[in-house]
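These notes are about the structure you will find just below.
Residue numbering begins at 1 within each chain, and the chains themselves are lettered A, B and C in the order written.
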Amino acid sequence: MNSRPFKLDALMASHQYGHALPREFYTSQDIYNYDIAQVWNRNWLWAGHVSQIPNSGDYFLFDYGPESIIIVRDREGEVRAHLNVCRHRGSRVCTEQSGNSRVLVCPYHAWTYELSGKLRAGHNMGEHFDPSKFGLFPVQVSVFKGLIFVCADANTPSLDPVLSQLSPLVEPYGFDDLKVAHTASFPVPANWKLAVENYLECYHCGPAHKEYSRSHSLKSPQEMAGLVEPLNARAIEVGLTPDELALVGEAAPTPFTSGYYRRYPLYQGYKTGSKSGEALAPLLGTLNGFDGGATDFDIGPLNWFLIYSDHMVGYRFVPRGLQETDIQVVWLVRADAEEGQDYDKEDLTWLWHVTSLDDERIIRHNQSGVNSQYFQPGPLGEMETSIQDFYDFYFAMISPEPEQRMAGHG
Amino acid sequence: MNSRPFKLDALMASHQYGHALPREFYTSQDIYNYDIAQVWNRNWLWAGHVSQIPNSGDYFLFDYGPESIIIVRDREGEVRAHLNVCRHRGSRVCTEQSGNSRVLVCPYHAWTYELSGKLRAGHNMGEHFDPSKFGLFPVQVSVFKGLIFVCADANTPSLDPVLSQLSPLVEPYGFDDLKVAHTASFPVPANWKLAVENYLECYHCGPAHKEYSRSHSLKSPQEMAGLVEPLNARAIEVGLTPDELALVGEAAPTPFTSGYYRRYPLYQGYKTGSKSGEALAPLLGTLNGFDGGATDFDIGPLNWFLIYSDHMVGYRFVPRGLQETDIQVVWLVRADAEEGQDYDKEDLTWLWHVTSLDDERIIRHNQSGVNSQYFQPGPLGEMETSIQDFYDFYFAMISPEPEQRMAGHG
Amino acid sequence: MNSRPFKLDALMASHQYGHALPREFYTSQDIYNYDIAQVWNRNWLWAGHVSQIPNSGDYFLFDYGPESIIIVRDREGEVRAHLNVCRHRGSRVCTEQSGNSRVLVCPYHAWTYELSGKLRAGHNMGEHFDPSKFGLFPVQVSVFKGLIFVCADANTPSLDPVLSQLSPLVEPYGFDDLKVAHTASFPVPANWKLAVENYLECYHCGPAHKEYSRSHSLKSPQEMAGLVEPLNARAIEVGLTPDELALVGEAAPTPFTSGYYRRYPLYQGYKTGSKSGEALAPLLGTLNGFDGGATDFDIGPLNWFLIYSDHMVGYRFVPRGLQETDIQVVWLVRADAEEGQDYDKEDLTWLWHVTSLDDERIIRHNQSGVNSQYFQPGPLGEMETSIQDFYDFYFAMISPEPEQRMAGHG
């Protein structure tokens, strides 16, 4: 089912460096299944924030493709993650998106798992049954300043080396002290890779994102260049660093463990990503003012964040099927900010709501054209080099690596 | 289209006896197509009851997968069955689920078939056309005490040897003298085999079926054991036999012709499968009282019945697509019982309505988890041995049998 | 993706001449994809009428399968056609079904194409980028008396030799001077070939089309024979020719360039295809009266027209997916006819509206039966010989033709 598609090597060989991918990467069910196995199950995925599960037994699910992961705070207060698949006949164990439970009980035959994933003695399973062999499949967890990352594959290397380098840069934002203010999901009838590619370049920002382009200079490298120095000065003033960190491509410790941090200027008059230019919420962490910047912050190749001075936006592009993807957007603010008083949800979410609607339309039309039998991958432009970086990562993931692939569960 | 999937032998070999089936059996379109050809087209299927077609020309359709079968009473009063596929260019001939017609006329070009399936002379077909070669494909019919079974394949052995053994056991229920009181269909997004497996074990009854478990002892082998002897005594008293018959597995004449009969105890205070414990309808057949039992009664590997003292429930799990199945439930009562007077439809259907809704949910979550690339078939418990029996039957059906497969229509 | 299905030769060989096609031709996704490549992308398709794009910059889209074609009037007033696929990363360039634009701007990154398809200098594409290599893929255009035909493949031969023969026969209808009065689309869950076959024979007209059969003699070759001579006399009187032209099968210059013209009688009392028999709109072209006839007029193997004395109806069967087809019907009247005054839209469209609804039902039931694993292609009747002609054309299209297939875009 998720074996290596037999034409994959030829397809990879047919890709012209610096061009879009051949059509089949966006239209083949076999390649989609393989993407889940090789890319999604083997990478660190941002699942949520510790504030979503403050107490022991609190849990929520993070689903992608055919997979579902339970993220739960155990009795010792640790965040744990398990595959949401009963070891008996495969039922989902948790069927609500979030909740609190002392144990995890499969709704089918009441197989009961500790929050640690350990199976309690199975009833009516005979004397030779050894419950210790049937715990929930473990999922790796990495909590970085409150942000929860999970990885289904046991062999994926730790994020720690990258996180330790990124840590001082994001320290002032106080990630530990955030809460989720709003979550939105925009389903788009397109392959997940087209959604990722859309996020990775701002070549389309000018033509396609009127609202974003009014406030963010990223869409114009020329204009941005002139604004960087004054921004850096202001950043230092409010308590941020002007340093950048690009642990990507060759600089990444492994393809699985890339990282990126860069603050870039908003246009004059914009304190944050708001319609009016004015503040949207209380300042994050230890910041003492608005520098008029926004931070691109990535952890691993599939998790993207935008950090303003007063809120953070997380972006995920979650595969649901070959040409079904959810654009998921999560807005986070200070934990002590109160809705209606300290922030207005409509105002807070306005920019990335309208921008995501633009992107849904764009990505949909992109998939439609890519489905044409006449589609030919064209050349990437100067503002699209990060797409080739993504292809490099993607091709590394789907290349045969016998040792690595033979490991894992089972 | 329905040729043998080339990985099937390897998949069958990978199945561990006493465990659930490997994932592909529930996720492969090729295997689903092959299931229709090998399992559904070659087995006896319960289509309905003779009371649905009392008069010559009365017909109804029974559909599964891509197939549709016409069950019709012919001019001589016999029940006949034909494939609902015009021999001209393949249109459905009957397009209503039931009706009455003197002949079967294809709506496309008016090719007209006798109720016997024989084609009347085709108009505008030229002088060399021989209508005798273009009758509707015949479907085997077996009527057992009013219950109509059909089988598309001409080579499937007769049910008679099994029916003759089952006949004396069910004689008192008066199957001939029933009518359909209600039919319900519960669509579930799962492979048909997961729905069958759900029906085959009562390991899940305790955790998942609160209402059923209150009245039926099957969910607890220990409790049931203590109730069997008194039930047997009462069964004899009301005119039933306490004998059991298990023509399954090795004891079945062929894999196609299994049969099963066993009465088991309801809990004290329950005369039948009702909410209150009280009677739901007039006593069936020649029964002279309520013994407080329920009968599991199966004919062939795909047809299941539950017989209470005052009504019968038929269960089918009809494939519609790879992960689309209809749980079909049919309630039957004495033919002379009048709705509103002798029985209340809401009360009559309550138990298996709520229980089917439970099962829909359970089976859906089962398929969802089985779709995970991490799913591993776990061990079956002591109350799930009948699932392995089903796998034995299923594997017999999908094993290569050259002689048998070369026969059939065409 | 659209490579030759490896079982195709065996399937073609298994077809029995004069019978329906084997099931796989209507149920295989691979064959459907190949149909798009070999049949739809390589044939002339009727896209519309010049009156839909009177001015420079006016455009409309014609979509089929995964393809979308832009038909646009350029600055010189010529009708041009391009594939609606951006040469950058494949987005649709035009996303509205029709409009007016001075240039064609891709909504993703604003790549801008002249109406001629030429790419203007790409912005931010680097100094080595040569825009002359990235014009929109051209589509062949042939305008015949105002009717616009397009063909995606560059190697398909011109329609001209056929059109020049057909031209004098249709001259009196004044195609140049038409306008689209109404368009309707009837989606049917069936393969496109079943929809075409339905159109190609009138064997089903008697049984299935009550309204059509009341007025059109085509459904009865015997009755029609007696009506032809008087019709021919009247046709000459009103300014039409009684000549027929059948550039089909062996008589067609190539399989791509067939043509057909024949006028046949309506029953007495019918001036046109109306419910009442009375006129529906002003007489077409130079006609000076109603002759009581209707013309079957075909250009190429996929475009069908019916011409009455006062209006014309165009028929297309547009593939949307393996078993998804749109029956598209276009009604045309004199350009100077005014709705509400010179014609009533309800009356005008009545006949082919009710007839298309009949056909939707018929074709749906046909596909349902063809999906049966028991379906066997039956013999075609005396009134269905044009279906075998269609199979001859179809098989020619999907046969291997190495030279031709190696050409084309890319």
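The definition used in the following text is that a residue touches a chain if its C-beta (ideal position, glycine included) is under 8 Å from a C-beta of that chain, and two chains touch if they have at least 3 such contacts.
If you want to know which protein each chain is, UniProt gives these names: A, B, C = Biphenyl dioxygenase subunit alpha.
Nothing here was measured: the structure is a model prediction, and the numbers come from that model.
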Using just the Cα atoms, superpose chain A onto chain C and tell me the rotation angle to the nearest 5°. 120
If I list every residue number at the interface of chain A and chain B, are over half of them used by both copies, so same, or under half, so different? different
For the pair chain A and chain B, the C-alpha centroid-to-centroid distance in angstrom is 47
Where in chain C do residues touch at least two different other chains? none
For the complex, give me every residue of chain A touching chain C. 20, 23-24, 27-28, 197, 203-204, 206-208, 361-362, 365-366, 368-383
Give the list of chain C residues in touch with chain A in this complex. 1-2, 33, 36-37, 41, 66-68, 83-93, 95, 105, 107-110, 122-126, 129, 134, 137, 152, 409-410
